[in-house]
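As written, the chain order gives the labels A, B, C and D, with residue 1 at the start of each chain.
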Amino acid sequence: MTQIPTELSASVYRVRVGYVDTDQGGVVHHGTYFRYLEHARVELMRERGLDYKRFELDDKLGLPVVDASIQYRQPARFDDLIEIKTWIAVANRAKVRFDSVVMRRDVLLTQAAITLACIRLPEGKICSMPASMIALADASVRNLRGVRTT
Amino acid sequence: MTQIPTELSASVYRVRVGYVDTDQGGVVHHGTYFRYLEHARVELMRERGLDYKRFELDDKLGLPVVDASIQYRQPARFDDLIEIKTWIAVANRAKVRFDSVVMRRDVLLTQAAITLACIRLPEGKICSMPASMIALADASVRNLRGVRTT
Amino acid sequence: MTQIPTELSASVYRVRVGYVDTDQGGVVHHGTYFRYLEHARVELMRERGLDYKRFELDDKLGLPVVDASIQYRQPARFDDLIEIKTWIAVANRAKVRFDSVVMRRDVLLTQAAITLACIRLPEGKICSMPASMIALADASVRNLRGVRTT
Amino acid sequence: MTQIPTELSASVYRVRVGYVDTDQGGVVHHGTYFRYLEHARVELMRERGLDYKRFELDDKLGLPVVDASIQYRQPARFDDLIEIKTWIAVANRAKVRFDSVVMRRDVLLTQAAITLACIRLPEGKICSMPASMIALADASVRNLRGVRTT
């Protein structure tokens, strides 16, 4: 996961580490990365034409996180400018997985794989991932089997 | 505000400071107190017979914060056991104000005054504070003028 | 406080509201604004030549919040692009006060006054605000009485 | 991981879900669980005789998270009383892994495995896990090979 697969397109989200993001260990708290990764996913979607705010409001669908795996290699610190490179590694009717590397220049700080399922709002019932979401993935990782495309 | 007015009843909420609550200054981040104060208000309401979860679900009302004033005297630190003493200082059709002191044993750490208004959910329109909410206040601070009590 | 005093220079910090910044009321949680305001202060300092990271590391000084006052007028929502305009309203040996308005285009969402004192790190003892910090303020609000300028 | 291995002792940490812990999806934000899990680890340590605050202050050691894996099955909601059952699944000179299940009564909400390494403070250099930490684990998962026990 550390290397961005060369055949997949990645989006880049840049963020300045805030004071509030740190803990008394003097580094970014491990839970803070979920904030950065979430911003990175929303921006990847926007870049590829899906406005997540409208997705919830118009399509009455939500994308809850169902699985997260994250490895912390080096700490980020207050005021660091970091880059989160994110790509879609899996996309099918059951789930979409966003993989990310968090970098400070060319130093790998953290890598993560975040898997989202699709639910109908407001009840929260699991449903098929819509074609509009799967379409954001590179063709090589898309699997449209069983997905309604109307 | 530092002294709990002797004629008003106060509720006590105890919390252990988490590692995540600190920042690289080695103390609790100033924004974290809003988390503690919110928990303290919810528990005061519960103690006096109002379940805030039901208030939102059944009455379709919400209590957004409209004003907050907070003074930081001494820092709280990781693993401190702190007490938030909270009382209702103002209660009328327009607003309810919760005043709090945050203590570590007999040391005053922080004091705050948090004012809530009432809105109709989900539109978010301002409405009169219901009698059920004003009734939580001590008689001496309650003002029911203009409040529908049915 | 709502109007930026015309004779004072303001800095602008822009931020996109994250999903994590919201609560189940469907709006930005009142505590989240402290995150935005802190970022805004750090960027104002940087813009005017003070790197807060270096301030802590090199000068062994810190700027804890000692007082915060905030009024919430309109809610911010997920994905909103908001602007925090911040200026220094008071600067003397005892404290520096940063005033801010949080805007969504021309709608005032929130206004705040955040007062910082100066401490020596790591002990946390209160000390005089250094001239380097007071110098960031406009001349009309600066008061250097009793401040060592060497 | 879902079942607590019957031969391992688990600690229980109870927490009331706060309003601030939710997001506009109406459920607890996925990042919030790291807060709960961290509290649960600190309390497990305390229960078994290790005061993590003193560990940092006296031994000048820290326990950063190096790996986290978490599966979200059912959402937690505002005001839920939830239980985090935590046990040590791996303990050796390189790392200690804390496994947890987050339950609402008998419903499994979330399960997680959080791996910590040991560093020397304040430099942050990786070092061997001390015997005092490994000793918190049940005998069946302890591996003291290469650990200095003085």
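Rule of thumb we're sticking to: a residue touches a chain if its C-beta (ideal position, glycine included) is under 8 Å from a C-beta of that chain, and two chains touch if they have at least 3 such contacts.
Source: prediction; values computed, not measured.
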| item | value |
| --- | --- |
| Farthest chain (mean CA position) relative to subunit D | C |
| Comparison of A-B and A-D by number of C-beta pairs in contact, larger one | A-D |
| Centroid distance [mean C-alpha coordinates] between subunit B and subunit A, Å | 35 |
| Separation of mean Cα positions, subunit D and subunit A [Å, integer] | 25 |
| Where subunit C touches two or more other chains at once, by residue number | 19-20, 25-27, 31, 34-35, 38, 78 |
| For the subunit D and subunit A complex, residues of the former touching the latter | 25-27, 29-31, 34-35, 38, 62, 64-72, 75, 121-122, 124 |
| In the complex with subunit A, residue positions of subunit C that touch it | 16, 18-20, 34-35, 38-39, 42, 51-53, 78-79 |
| Subunit C contact footprint on subunit D (complex, rising order) | 19-20, 22-27, 29, 31, 78 |
